[in-house]
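Two complexes, one shared chain (subunit A), two partners (subunit B, subunit C).
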Partner chain A sequence: MIQIQNLHFGYRKKKIFTGLSLQLEAGHIYGLLGKNGTGKSTLLKNMAGLLFPKQGTVNVLGFTPGKRQPAFLQDIFMVPEEFHLPDVPIEYLVKYHAPFYPKFNEDQFNRYITEFDIPRSTTLQKMSYGQKKKVLISFGLACNTSVLLMDEPTNGLDIMSKSQFRKVIAGGLDENKCIVISTHQVKDLESLIDRVTIIDEGRILFDQTVDNITRRLSFHISFDSDEIKQALYREPSLRGSAVITRNTQGDESKMDLELLYKAIVLNGNAIQSVFNA
Partner chain B sequence: MNSVFYLKRWSLYISKHWNENKKKYLLSLGAIGGLLILWYSFLMMVNGDHPISGEIQVITYYVGLFLTGCLYASLIFSDLSDGPKGIQYLLLPASILEKLLTALLFGVILYFICYTVIYYVVDFPMVQLSNSILKTVAEQENKTPYPAEKVANVFVSWKDGDNIFIYFLLAYFAAQSIFLLGSVYFVRFQYIKTLVSGLVVFLILVFFVHKVLGLFMPQGGFFQPFTAYRVFDETKGSLSIKLPEWLSSMLIFLIKYSLAPYLWVVTYFRLKEKEV
Partner chain C sequence: MQFRESQAIYLQIADYVCEKILLKEWKVEERIPSVRELAVQLEVNPNTVMRTYDFLQQQEIIHNQRGIGYFVSQAAIKNAQTYRKNDFVEKDLPQVFRTMFLLGMEPDELKPRFEKFKKQHFA
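Entry: the complex of A and B
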């Protein structure tokens, strides 16, 4: 669905990607993680055709995104971190924007709006940032595009909205869609994504499915000093130490995305060795 | 479905554009009307003889058209320099041609028509008002009233068998297309930057023609306005060198009618390569 080959990109003197390759398939929610300034948003913009690769190829749904052909644009939707919505009521958004997306489903949109508890009586510009973002997320999901790109979608959402967001996104995925969520708020996506891709210094540092991660790694709290010493990653917590160890017993543990992220950034080789074995 | 132009998609885009911008457009036209009323009122206050003469009306029309039309053109693609708006603009599923044609429809054609309508909506009653005030004042002062001013036709003025206002309009559309291109090229302060760049290009051109070309040309100068060259020779007198008639006509035709469309095409390609 999305193939990126040997992507080189930079802003003037600052190089962001120097040969990044990545392949994303339909039916998955990808979590794109990384520090600030590592190129998460830039990668999404390259996928959407808002930025053009300096070298290498980006292929999305069989199109070259940079050509911005209408057939491509009507099958991809992006929820940027900073976005603009026109100063019109929600009904206008449906009436004048939705016709550009052939798979738009108005019932679905209304359901999301109700679920997110968005007032319909006001225009979009008079809504709070969080409300506007929820309208955009609802609209993006209701467009039923094959590719949905989201850049820091949970920024500005309150606790209840984050939970609604996870529910709505999980319900909006099907085998024909590919959802890519870029974020540094890893906790918000923990239960949502099924593949973790971590970018650092313009390259893919880690790229594994959640199934694979939980099959090979164990996330738990340990009081055993030997286990803590031998852990792939450890972090003191109020109750013992939070550790990541090899999952040798075949136990199922819940992935702690924040812990995994820190482990990969700080002790990437040890973690990678588990997957390379 | 055509990826370059599809009528149904274009009509959807026009409808979306109008519904999102109608408030802004109507307010802008109202503001132009208000400024025209203020300007004519000011003239009536400071000039007791011929406050709104035909000449003043024509100058008002064209100065207003150039200033507001170019300002508006420089704002047409300003969304592209605003990240979030630019993303929304570029990712909306319509082709670049459809987006550009919409910009030209609203910014060039409809703006010109609406400005002209607003101008006459203000001009007509203001000229009548001015005539009536002058007549009343003359009656009160027992003076012979000045002949009443007429509403000027801003499109037709014959001089040497040529309608000179056509040149004003062609110059306007060319200038507006420069500002339209500037609105895609420059990220900030599009109006000022386009104005300065246009002036710089013009000055370079003048310098090139007079100073650089002058080094290679015999003593003399261009005339008619540039398709002929008059050589001044102290011994032989003056001698004119003209381009062949067909070439001269073609050049003049191209400069008159193709500058604006050419710049629209450049704008199209610039839009295609625009990144946010």
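Entry: the complex of A and C
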């Protein structure tokens, strides 16, 4: 669905990607993680045709995003982190923007707006950042595009809305859709994503399905000093140590995304060796 | 639902489904929530629920009727008990035994408490 090969990209003198390759398939929710400034948003913009590769190719749904062909643009939606919405009531947004998306479903949109508890009487500019974001997320989901890109979607959402967000995303995925979510809020999305993609220093540092991760790695609390010493990653906790070890028992544990992320950034080679074996 | 335990989410969802069946909230030969419905309710990826349902089909606890949905199997209670019992004996019981040993408790002490508990909650 999305193929990126040997992508090079930079802003003026600052190099962001130096030969990044990545394949994304339909039917999955991808969690795109990485430190600040590693290019998560830049990657999403390259997929959406908002930025153009310096070298290498980006192919989305069989199109080159940078050409911005209508057939491509009507089947992709991006919820950016920073955005501007016109100062109009919600109905106007639907009236003037929805026609660009042939698979837009108004009932679905209204259902999301109700679920997110967004007032219909105010115009978009009078809403809080969180409310605007929820309007945009609702609109993006209701467009039913094959590709949905979201940059930090849970930033600015209150506690109830984060839970609502997970519900609408869980209900919005189907086998023909590819949802990519970039985030720092790993706890918000831990149970929602089924593939973890980590960017670092201009390339893909780690890219595995959650199933594969929990088959190969074990996340648990350990009291055994030998095991803690040999762990791929360890961190003291209130009781014992939180560790990541090779999964040798065959039992699958719950992935701790925060711990995994730290482990890959700090001790990437050890983690990678488990997957390359 | 809170996923606090150390088990993989798809297995925690399997426990959730087994519990619904063992408590007879979901009855034999009745349709259970679709993959999407359960994913929305539990706020998890539908592929995770799909994996749970595949797993529970292998255990012959639920079955799929093509185009209609998933149903609680005839032998669901027996099979769910077998599955949960193995899990309980291997994983939870050693923890209980360890605490009992530390506190100097014997199994005899548990019997009257267990009877009282059943009366209180399931009578």
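The working rule: the second predicted complex is superposed on the first by the 277 of 277 C-alpha atoms of A that agree within 3 Å, B and C clash if a C-alpha of one lies under 4 Å from a C-alpha of the other, contacts with A are read in each partner's own complex, and residues count from 1 in each chain.
FYI, a residue touches a chain if its C-beta (ideal position, glycine included) is under 8 Å from a C-beta of that chain, and two chains touch if they have at least 3 such contacts.
Small disclaimer: the values here were computed from a predicted structure and weren't measured.
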{"item": "Partner chain(s) touched by A:F104 [first = subunit B, second = subunit C, both, neither]", "value": "neither"}
{"item": "First, second, both or neither for A:F83, with subunit B first and subunit C second", "value": "first"}
{"item": "Which of subunit B and subunit C A:D194 touches, first, second, both or neither", "value": "second"}
{"item": "Partner chain in contact with A:G27 - subunit B first, subunit C second, else both or neither", "value": "second"}
{"item": "Which superposed partner A:F116 touches (first subunit B, second subunit C, both, neither)", "value": "neither"}
{"item": "Partner chain(s) touched by A:Y233 [first = subunit B, second = subunit C, both, neither]", "value": "neither"}
{"item": "Which superposed partner A:G171 touches (first subunit B, second subunit C, both, neither)", "value": "second"}
{"item": "First (subunit B), second (subunit C), both or neither touched by A:E252", "value": "second"}
{"item": "Touching residues (chain side subunit B, partner subunit A) in the complex", "value": "1, 3, 6, 9, 12-13, 15-16, 19-20, 23, 82-88, 90-96, 272-273, 275-276"}
{"item": "Sites on subunit C touched by subunit A in the complex", "value": "3, 5-12, 36, 39-48, 51"}
{"item": "Touching residues (chain side subunit A, partner subunit C) in the complex", "value": "27-29, 163, 166-167, 170-171, 173, 190-194, 210-211, 214, 219-221, 251-255"}
{"item": "Parts of subunit A lying in touch with subunit B, wherever the complex brings them together", "value": "45, 48-52, 68-71, 73-74, 76-78, 80, 82-88, 92, 95-97, 99-101"}
